[in-house]
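There are two complexes below, and they share subunit A, which is joined by subunit B in the first and by subunit C in the second.
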Partner chain A sequence: MVDLDHKGWRIFASPLVGFLLLFLGFPILIDLVYSLSRVSFTNLRSPEIVGFGNYGEVLGDAQFWRASWFSLRFGVITAILECVLGLGLAVFLSPLIEKRSWLMAPLMLPLMVAPAMIGLMYRLVLHEFVGPVPYYLYLWFGDSPSFLNAENAFWTLVVVETLQWTPFALLLFYTAYRAIPNDVREASAIDGASARQILTAIELPLMRPTLIFTFFIRFIDGFRVFDNVYTLTGSGPGGSTTSLPIYIYEAFFKQGAIGKAIAASVILFLASFVGLYALTWLSRRGKGAAS
Partner chain B sequence: MIKLARWIVYAVAALALNFPVIVTLLTSFKSGKEISVNPGFWISSPTLENYATVLQVSDRLNIFAYLFNSLAASLIGTVLAMIITFPAAYAIARGRYGRKVLMPLIVNLRAVPLIIFAIPLYMMFQFAGLLDTQLGLGLILTIVNLPLSLIVFVNAIAEVPIEIDEAAKLDGMSKWGIMKGMMLPVCRPALATVFIFGFITAWNEFLFGLMLTSNRAVPMTVGASFFFAASGGGIQWGAASAVMIVGALPPMLIGIIMYRQISGSMTAGAVKG
Partner chain C sequence: MLKFTKITLSALALITTSLGAANAAVTVLGWPGGSEETALRAVAEAYNAQSGVADADKVELLFYSRDGFYDKLQADMAAGSSAFDINLLATYSIGRYASYMEPVDLGPDAAKVFGESVLKTMQFNGKQYGVPTDLSLHFMYYRKDLIDALLADPAARAKYAEISEKYLGRRLEPKAPDSWTWDDWAATALYFAKSVNPESPVRYGTVLQMKNLLFNIMVWQSVARANGGDWMDASGNITIDSPAYRTALELYKKLYDAGASPKDSLSYEYAETNAAFGSGQVATALQWNAAASELTDPAKSPAVAENVGIVAPPAGSAGRADHIHGLGLGINKNAKNKPGAAKFLQWLATEDTALLYARSGGSPALLPDVAAKIAKERPDLVTLGQYAGAYGYVMTGATSASAFPVYELQAKEFTGYWSGQETLDEALANTKAGMEKLLKQ
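And then the complex of A and B:
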C-alpha cells in the first residue's frame, strides 16, 4: 500500500527543495533580473534595469553565433562517433568481456580522468617538440600537421573528446547487449537467421532505448563542452574553438561584460529548456505510439 | 581466427583510449634532458626526479594544498548530496511525492549546462564570503552530484519490499524511524555506489573550481592548469607530467578498484533516467 500522506512526505523532501531554491532558483532569478540591467563590477549590487539591450548585444554578436554553431556541431559529431565506436566495440568485444569481466576496467579508465586533465595531457601528446605524435609522424612520414591551428583544432578536439567518452557509450551498450536474453538469440538462430540478421533485426531494436538515451547524453555533454577545450586550446586561435560555455566564461571574466554574459546564459537556459521539453514530449509520444 | 581479431581490437582500443595517460606516465619518468631529445615511447634512463620536484612544496606549486582542497570539497559535495537526496528519494519512492515536478527537475539537471548558474553563484558567493573556500566549492559540487544520487537512491529504495515498511509501521515506527533504522542499512550498496561515483565526479570537476577559487581553495584540476599557465619561459614537461599523474591518480585508483560499482551506477542512470 502506498502512503499518500502528502504533508508528511514534504518534510523528507524539504532539505532538497530548500537547497534547490537557494542554489538554483535564486541564481535563475538573478540571471533574469541582471540580464535586463546595465551592470558592471562596480555596481554589482545595484543593477540598473535597462530592458533588452543585453540580449540585443548577444544576438547581434557574430562570435555568439559562431560559438553556438561550434557547440551544436561538436555535440552532434562527437555523439555520433562515440555511439558508433561504442556500439561496434561493445558487440565485437562482448564474447571476450563476458568471460573475463576485468577486461572492462582498462577500457573504462579514461572515464575516471578529469576532462580538464585530459586536455592538459594532450598538450604534451601533441606538442611539436616533446610530443610523441608529431615525433613519430615526422619520423615515419617526414611531416606532421599542426593539430591546434585554427583549421585543425576543431577536429583535434573532436578526437580528444571521442576517445575519452567512447568508453561511456561502450559500457552502456555492452550492458544493454548482455541484458538481451540468450534464448532470444538462440530461437532466431534456429529459425536460420545469420549473425548479422540477428543483430540488425533483433538486438539493435531491443537496444534502441539505450542507444537513444546514450546519444542524447553524449550530445548534451558535447554541446556544453568546456573543460578539455579550455585546457587544450582555450578559445582557440581566432576564437575557433569557442563553445557556448567558453563564450560565457570569457565574456564574464576576460571582458567583464557581465550583462552580455548573463543574457547569453539566459538564452542558453531557454534553449536547453525548450530542447529538453521537446525531447520529453517526443519520447512520451513515442511510448504512447508503441503501447 | 575471429578470436585473435577480437584480442587485437581490444588491445588497440585499450591503448588508444588511454593514450594520453600512457604518454604522460612515460614522460613523468624521463629526465628533463631526455624529454627534449626523446619524445618516443621508451625511457632510456628512468628517473623519479620529477616526482621529487613536484612533491616538494615551493612558492610556485604546493601540490598537497591542491590535493587537500580537492579532497575536502569533494567530500562535502558528495556527502551533502547524499544527505539531502536520501530522504527525498524515500518520499519519492514510497509516497509518490514529487514525481511530477521534483524528480523530473533533478533528472533534467543532468542535461542543463551548469554554466548558466555560474555567474549568479559567483555573485552570491562574493556576497556571502564563500568565494575561494572549500565549503563554497563543496556546495557547488553538491549540485553536480544531485541527479545521479537521487536516481540511484530512488531505484534502490523502490526495490526494497514494501512489506518491510508496513510491518515496521504496525510496530509503531514513524516514517523517519523506518528510513533511518531500516532503509539506510538495506541501501548500503547504493550508498557506497553514490559515494564512489560522486567523489570521482566531484574530484574531476573543473569549471566551478576555475571560476570560484583563486588561491586558498584551488582544487587539483585547476592547480594543474595553473602550473601550465604560470611557466612563462616554457613548460617543464617532466614536472608537468608528474603533476598530472599525481592529480589524476586518486580517481583512477578508486575507479580501477571499484569499477563494478561505477559501471552499475552509470547504467542505473541510463536504464531509469
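And then the complex of A and C:
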C-alpha cells in the first residue's frame, strides 16, 4: 500500500474538493443568498437582500408545520410498516426463496416502477368508475369507501407507499437473515432454544445493523415523499396531503415565492442534518453497548 | 497536417453557416401533444410554403412535454433564453410572462376575426401580447334521455319538487337544461343522486371536480360569477368575501355532502370527470369544452355518447357566465428574429389562417360570421364562439402576474372548506388575506 504524505493527500483530494465546491458549494451559496432575499423569477439576477424575513415567514406559516407533521408521520409510519412486513416476509419466505431463488424477481417488481407511475396507476385503480377495487367492493358489498377524501387520503397513501417499498426491506432483511451462520441456529437448538427464542435472542440481534439501516433509509425516503403523492392527490383538499417537498415545490413554482421556498429547504436541510447526526450518534452508542 | 487543418476549418465554417441559418428561422414553442400541436403544425407548414416568406423567416416548431410545461417555460424565460422566438402563453399566466415578452401589433383585422372580448384574453395592462389561438370554456353536459324522462313523468316531477324543497328550501319544477338556473341544476343533481333518491336510474346527479387544483377553480367559479362575484372591484378592493362567493361555495358543499357527486370528487379533475360521466352513472357534468369530442364519440363513450346534450352553464342572479381563457402565441423578449416572429403572428391573426387552424383541429374562438364559414366541419366552434361572445368573462385581476398563485390559493382554501377542514368564514378570510398580499405585490 502506498503511504501518502500530507502533500500527496492534498494533490489527490483536490479534484474531489473542487468538484464538491463547484457542484455543491456554489448552489448552496446561491441558495443561502436567495433565502435571505426578496426574489422572484423577475429579479433572479438581482435579488434584494432582506435578512431573515423568509425564515420568519416559513416558521410562522401553519402550512409549513402541517407539511412537516405530514412528512414526519408518513416517514415514521411507512418505515415501521415496511420493516415489520419486510422482516416477516423475509423470515417466513426464507426457506421457500432458498429453494426457488427466482421467486425474488417477481417480489422485487414494484421497485422497478417509478413512484410517479405508481401514483398515476392508483388514480385508475381507485377510481370509482374505472378502477377494479371500487368495482369489486360495489359488486360484493354494494358500496365503496372514499379512498382519497381528506380523512382517508393519508392512509391510502401510506398503503400505496408500503406496497411499493416493502420488497426493498424484504430484500435487505432476507440477505441479512441468510448471512447468519446456520451453526449458530443449530447450536441454539441443541441448547434447547425454541424457534421464537432463536428469532428474538439470536437472529434479530444479529440482524440489528441491517434493521436500523433499513429503517433509516425507508424513513428518509418516506419523509421526502413527493412523486406518488403529487400524482395521486396533489397537495390534497385544503393542503391535507402536502409533504415538505410538495410545500417547497409549490412555494417555488406555483406561488413564485422563491426566497420562502429556499428558506424552507434550508430549514429542512438543517433539521435533516441534526436528525441524521443524532441517529448516527445513537447508532454508535448502541454498537458500543452491544460490544 | 495542412490538409487536416483545411478540412477542420471547412467543417467549422459549414457548421457555423448552418447554425446561423437555424438562428435566422422563427422558432415557435407550442403546446405539445394535442389538437393544438396538430393545428400549429398544419399552419406552420402552410406559412413556410408561401413564396413570399424568406428562408430566414421560415417557422420551426419546438415542443416540451406537457408535464410542468409552465414551470419549465418560466425558468427558461427568467434565464433569458433565446432558444425560441415565439412562445405559448395562457390568459391566467400572461401577467407572469409579460415582463419577458414583447407586445405585438396584430393589425386591424384581428378584431374582425376574433372579436374584442377574445383578443382581451391575450392582453395585459392594455397591451396585446399574443394571438389567441385556442379558447377554453365550459359546457354543461347532461343526459338527454334522463332529463326527457324526468320532464315527461308527473310522479318524477312531484318527487323532484319534494327533493328541491327539502334540500334547497324551494319547490322547483323540472325545466329544460337550456333554461336552468344553478338551483335548477342543483335540484336535478340531487334528484338523480341515489343517496337522495334511491329510485334514481343513475348513481349520481352530477360530478364535481373538486381536487385542489387551480383549473378546478376555473370550472367552479362561473357559479360565483353568475351570481355577481368578482375578485376585486374597480378600486382594487378584494371582493371575494361576498354573497355570490358564499352562495357558490355552499352550493358545491351541499351537493357533495348530500352525495350528489362521487365520494372521491375531492380528488377529481378533468380525466376523472370524463370517466365518471362516460360511465353512464352520472346525469350532469360541468366540464371543459375540450371534453365534447370524447363524450359524444360512441367509440370513446359508448354508454352515453348518443344521449349527451350540451348547453351553456346555468344562470345565476346576475345572468349566465362562462369562464374563458385562451392559449396563444406571443414574442419572446430575447427572440433572435423579432421581425420574423411578428410577421408570423400577424399572418396567424388573419381570417384565412384562423380558418385553416380550425380545420386542422384547433379551437379558435371566432366571431359568428367567421365561424359560420366552417359550421359544417366544426359545429362545436359555432357554439364555442356563441358562448364566448355572450357569456365569456375573465375575473378582474385574473391576467395579473399573481393570477396563478391566486388560483392556487383559492383551490387550497376552497377545497379545505368543501372537505370540512375549514369553515366557510375561515376559507374566505384566508383567501381574502392571501389575495390582498398577492395582488398588491
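In the analysis below, the second predicted complex is superposed on the first by the 271 of 291 C-alpha atoms of A that agree within 3 Å, B and C clash if a C-alpha of one lies under 4 Å from a C-alpha of the other, contacts with A are read in each partner's own complex, and residues count from 1 in each chain.
In this section, a contact is a pair of C-beta atoms (placed from the backbone, for glycine too) under 8 Å apart; a residue touches a chain by one contact, two chains touch by 3 or more.
All values derive from a computational prediction rather than experimental measurement.
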Open item on the list: Once chain A of both complexes is superposed, is A:204 in touch with subunit B (first), subunit C (second), both, or neither?
Closed with: neither
TODO: Quick one: classify A:212 as touching subunit B (first), subunit C (second), both or neither.
DONE: neither
TODO: Have a look at where A:121 lands relative to subunit B and subunit C in the superposition and call it first, second, both or neither.
DONE: first
TODO: May I ask you to decide whether A:193 touches subunit B, subunit C, both, or neither, giving the answer as first, second, both or neither?
DONE: neither
Open item on the list: If you tally the residues of subunit A touched by each partner, is the higher count for subunit B or for subunit C?
Closed with: B
TODO: For A:13, decide between first (touching subunit B), second (touching subunit C), both and neither.
DONE: first
Task: Partner chain(s) touched by A:147 [first = subunit B, second = subunit C, both, neither] - done: second
Open item on the list: Quick check for you: in the superposed arrangement, does A:240 touch first (subunit B), second (subunit C), both or neither?
Closed with: second
Task: Partner chain in contact with A:253 - subunit B first, subunit C second, else both or neither - done: both
TODO: Kindly classify A:129 by the partners it touches after superposition: subunit B alone (first), subunit C alone (second), both, or neither?
DONE: both
Open item on the list: Under the contact rule defined above, give the subunit A residues that sit at the interface with subunit B and also at the interface with subunit C.
Closed with: 44, 123, 127, 129-130, 253
Task: Residues on subunit A engaged by subunit C in the complex (per definition of touch) - done: 41-42, 44, 123, 126-130, 144-150, 153, 232-240, 250, 253-256
Open item on the list: For a test of understanding, state which residues of subunit B touch subunit A in their complex under the given definition.
Closed with: 3, 6-7, 9-10, 13-14, 16-21, 23-24, 27, 35-36, 39-41, 83-85, 87-88, 90-92, 94-98, 102, 104-106, 108-124, 126-127, 139-140, 142-143, 146, 150, 162, 165-166, 175, 179, 200, 203-207, 210-211, 221-222, 224-225, 228, 235, 237, 240-241, 244, 247-248, 251-252, 254-256, 259-260, 262-263, 266-267, 270-271, 273
Task: Contact set on subunit C toward subunit A in their complex - done: 68, 71, 74-75, 77-79, 96, 99, 210-213, 262-264, 266-267, 272, 275-276, 278-279, 281, 404-405, 408, 412-413, 415-422
Task: Interface residues, subunit A side, partner subunit B - complex - done: 1-6, 8-13, 15-17, 19-20, 23-24, 26-31, 34, 44-45, 89, 92-93, 95-96, 101, 103-118, 120-125, 127, 129-132, 134-136, 163-164, 166-168, 171-172, 175-176, 210, 213-214, 216-217, 220, 223-224, 226-227, 230-231, 244-245, 248-249, 252-253, 258, 261-262, 265-266, 268-269, 272, 276, 280
